[in-house]
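The data blocks that follow each hold one structure.
Here chain A shows up in two complexes: once beside chain B, once beside chain C.
Up next, the complex of A and B:
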């Protein structure tokens, strides 16, 4: 048991680093994921993850696999797309989802094009899939910083953010904090995606955000409990995914997301809040 | 008046002395940079070589562009490596409708099998790439490439026979000198220290020809992402066998190598080139420079 579950992390530093990275991602990403889900923006996260690519690619083009350049580029591109899509949705007749789709498709194509300009297609794979097994000190610090910022910022905007999820019209009638709250929240999403992209790559970064959040939804109704559970599930996915990769030889990033997927499937089946089991095996009514 | 007669004289000179260069050069295509370098050395000024996979790119997973199809369509000869390196080439040749001859550089070379240490994730790849395509890592094989290229060029352009034969003979002489140099460098490394970890097992032929053992953290092909199991195995191995040096390849993820080196205390060697040349300014812009650069890197890390 010990050999299976713990000794890989005792023996190998890279496993410990990967685990710490996964924890940091879980702490920052899962709460953001819960809010994204409650605001029906689950797919926005996915679109944004793709939107980050050209920024990271430009950073890569100028500085190679340089942490700072790729992070800065990713943040700039993510914020540009988020704000641009929002502006177009607000100033034209187009709905936000359609304008976001337009933006992210363009930037995904642009990103692939920019990476391929450098002439090496292997690099593109690293950008798309990340390297959770090769987190150096700088990357870990970045991930930890992002998790800290996310938790602090969420604590600060908690009340207006919750209100916006529940009843945006009411919030508008009592306070003007709606728009800034929304912007801060979008920025948090971009930050977490950029962090996740270093470890898991642009394609999978959004998985560690959304899957635990969606799974937690099937177990509890109360928001705080849901966030805590999402974090726990995300941490569990990171831990079990790394073990899976260690013992079976599966690629690490996809293994983590797959474990999260399995947890999600289990929650869909057995979760007490709207899970399938409840649906098909109705609880007996109380009889007098 | 004077200018015009000079021009006319020049023109006559071009027509008279070297009719070929006044015509167009023979257009040929080579699939990747190392092969293109061989063709340039044998063809000299008589051929115009286009390369599909540019320096620093990876020929295993290349995606041809429409411009490539046009280049192939116009070529008189398409030089390919063979042994399963260019899985994408067949379709490109068919799609381009080229009438040029397709010449396999490794024809006549005795292929080595890819070494497949574990039965795990290497398996599905072993079926696709049974043979190790990186034959150019042995200089003796490059002599066969050179002969193949010479014969193909003569067949396509009989008028240049003498030039091709001279160029090839000259290149073979330089290859022999290079081979001697590499063998001498290896001889200076203590036999127990002739072990290296590198990201990509492209050095199978090099290992066999010159007696340095290469262990790779990734599977047989750059297509697979390394798993935690692979990395753990390699770290254990470095520690257990006291492997002195870790080498990065120019096209694999350097971060993973640094992590392994840091965890094991092995020395990180400089960049070595295996599948592609560097660009013009780099240290390995020709095949001979590449081999010289690599052996220098190996001996620097292993003799200290």
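Up next, the complex of A and C:
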């Protein structure tokens, strides 16, 4: 048991680093994921992951596998798309999803264009699928910083963010903090996706954000509990995913997301809040 | 008598088409004013203009220096996400925004106020119910509790009684009467003319333009109502530019 569950992390430093990275991602990403889900923006995360890709690719083109260049590129591309789409949606009649689609498609096309102009056959597998088993000190510090910033920022914008979700018109009638809150939230999403792509790659970074959040909704009704549970599930996914990868030799990033997916499936089936279980095992109704 | 609000040649609308056309008049401080008129008469638009959610096409609204936090507005179809995991207590507590703000703590006195507001609207025991489980009437009661906490000098209600039962309407209009007794200014959009006649001393009959404005029994005459009905309510796609004094 010990050999199976714990010794891989004692024996190998790269496993310990991977574990710390996965935990950091869980702490920052899962709460953001819960709000994305509650605001019906789950697919926004996915779109944004695509929007970040060209930015990171451009950073890669100019500086190679340089943490700073790729992070900066990703953040610039992500923030441009998220803020641009948010501003257009707020100042015109355009719905946010359509406006976002327009922006991220242009960003993606631009990124691919720039790469093709350079004409070099670059290995972007690293960006696509991440390198969770090769996290260096700088990357770990980046992930930890992102998690810290995310938790602090969420605490600061908690009230207006919740109000903006529940009753945006009311928030507008009592305060001007709606727009800045929304923009800070979008920035947090971008930060976490950028952090995620170093470990899991752009395409899977959304997974560690959304799957634990979606799973948590099947277990609890209260917002704070939902966020705590999402973090726990994300941490669990990271740990079990790394174990699975270690013992089976499967790629670590996808293994983590797959575990999160299994936890989600279990929640859909057995979760007490709207899970499928209720459909198959009916309970008798109460008197009042 | 000071005016809480003054409309000066006010035109409000969407995409250059007026929904409220050249409105002039004053709302006295402490007034209890009902705004009535056919669908599409510009009643909701007028309220949106007053809260500042819609800028005038021409003219202006003089709010007599009233700040944002002294105006409370309950829209017709509150865009509330009722699937969001939040309970009645927290929803009502939002009414304290102006005193608590982004970070301010909610003290013991304020907690008592929240509980009192919930109790006043008859939702005792519902504090921890999530808003998704409330009926339409209970939801409206909760929103009135939030209005209570907002403690505003000017209260705007857009069809607050739509689709409610008699019991709820009686309870909530008693609250409106209480606010009136506290000399707050209240403007309510309503369709139920009997209710207007029995509870609102002053009325504005709107059909894009003001058909009549004054004492309720002088405004809601058969003549005036027929006139309001005749005034067309559709946008004319090729309407000419309005030449009235801008």
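Please note the rule applied: the second predicted complex is superposed on the first by the 267 of 288 C-alpha atoms of A that agree within 3 Å, B and C clash if a C-alpha of one lies under 4 Å from a C-alpha of the other, contacts with A are read in each partner's own complex, and residues count from 1 in each chain.
In the analysis below, a residue touches a chain if its C-beta (ideal position, glycine included) is under 8 Å from a C-beta of that chain, and two chains touch if they have at least 3 such contacts.
These numbers come from a predicted model, not from an experiment.
Peer 1: Using the superposition on chain A, decide if chain B and chain C clash or fit.
Peer 2: After superposition on chain A, chain B vs chain C: fit, no clash.
Peer 1: Is A:226 contacted by the first partner chain B, the second partner chain C, both or neither?
Peer 2: second
Peer 1: Tell me the contact category for A:167 with respect to chain B and chain C: first, second, both or neither.
Peer 2: A:167: touches chain C, not chain B.
Peer 1: Which partner does A:56 contact after superposing on A: first (chain B), second (chain C), both, neither?
Peer 2: neither
Peer 1: With both complexes superposed on chain A, which partner does A:134 reach: first (chain B), second (chain C), both or neither?
Peer 2: first
Peer 1: Consider the C-alpha centres of chain B and chain C from the C-alpha centre of chain A, and write down the angle between them to the nearest 10 degrees.
Peer 2: It is 150 degrees after superposition, to the nearest 10.
Peer 1: Can you tell me whether chain B or chain C touches more residues on chain A?
Peer 2: Counting residues of chain A touched by each partner, the higher count goes to B.
Peer 1: Touching A:159 in the superposition: chain B (first), chain C (second), both, neither?
Peer 2: In the superposed model, A:159 contacts chain C only, not chain B.
Peer 1: Report, in whole Å, the shortest distance between any C-alpha atom of chain B and any C-alpha atom of chain C after the two complexes are superposed.
Peer 2: Least C-alpha distance: 39 Å.
Peer 1: Same chain A residues contacting chain B and chain C, which ones?
Peer 2: Touching chain B in the first complex and chain C in the second, no residue of chain A appears in both lists.
Peer 1: Which of the residues in chain A come into contact with chain C in the complex?
Peer 2: Touching chain C: residues 38, 156-157, 159-160, 162-163, 165-170, 172-175, 177, 220-223, 226 of chain A.
Peer 1: What part of chain B is in contact with chain A in the complex they form?
Peer 2: Checking each residue of chain B against chain A gives 54-58, 61-63, 118, 120-121, 222, 224-232, 235, 251-256, 258-260, 262-263.
Peer 1: Taking the complex as given, what residues does chain A use to touch chain B?
Peer 2: 8, 11-15, 17-18, 65, 119-123, 125-126, 129, 131, 133-136, 242, 245-253, 255
Peer 1: Any idea which chain C residues touch chain A in the complex?
Peer 2: 51, 53, 68-69, 71-73, 75, 78-81, 84-87, 90-91, 94, 97-98, 102-103, 130-131, 146, 150
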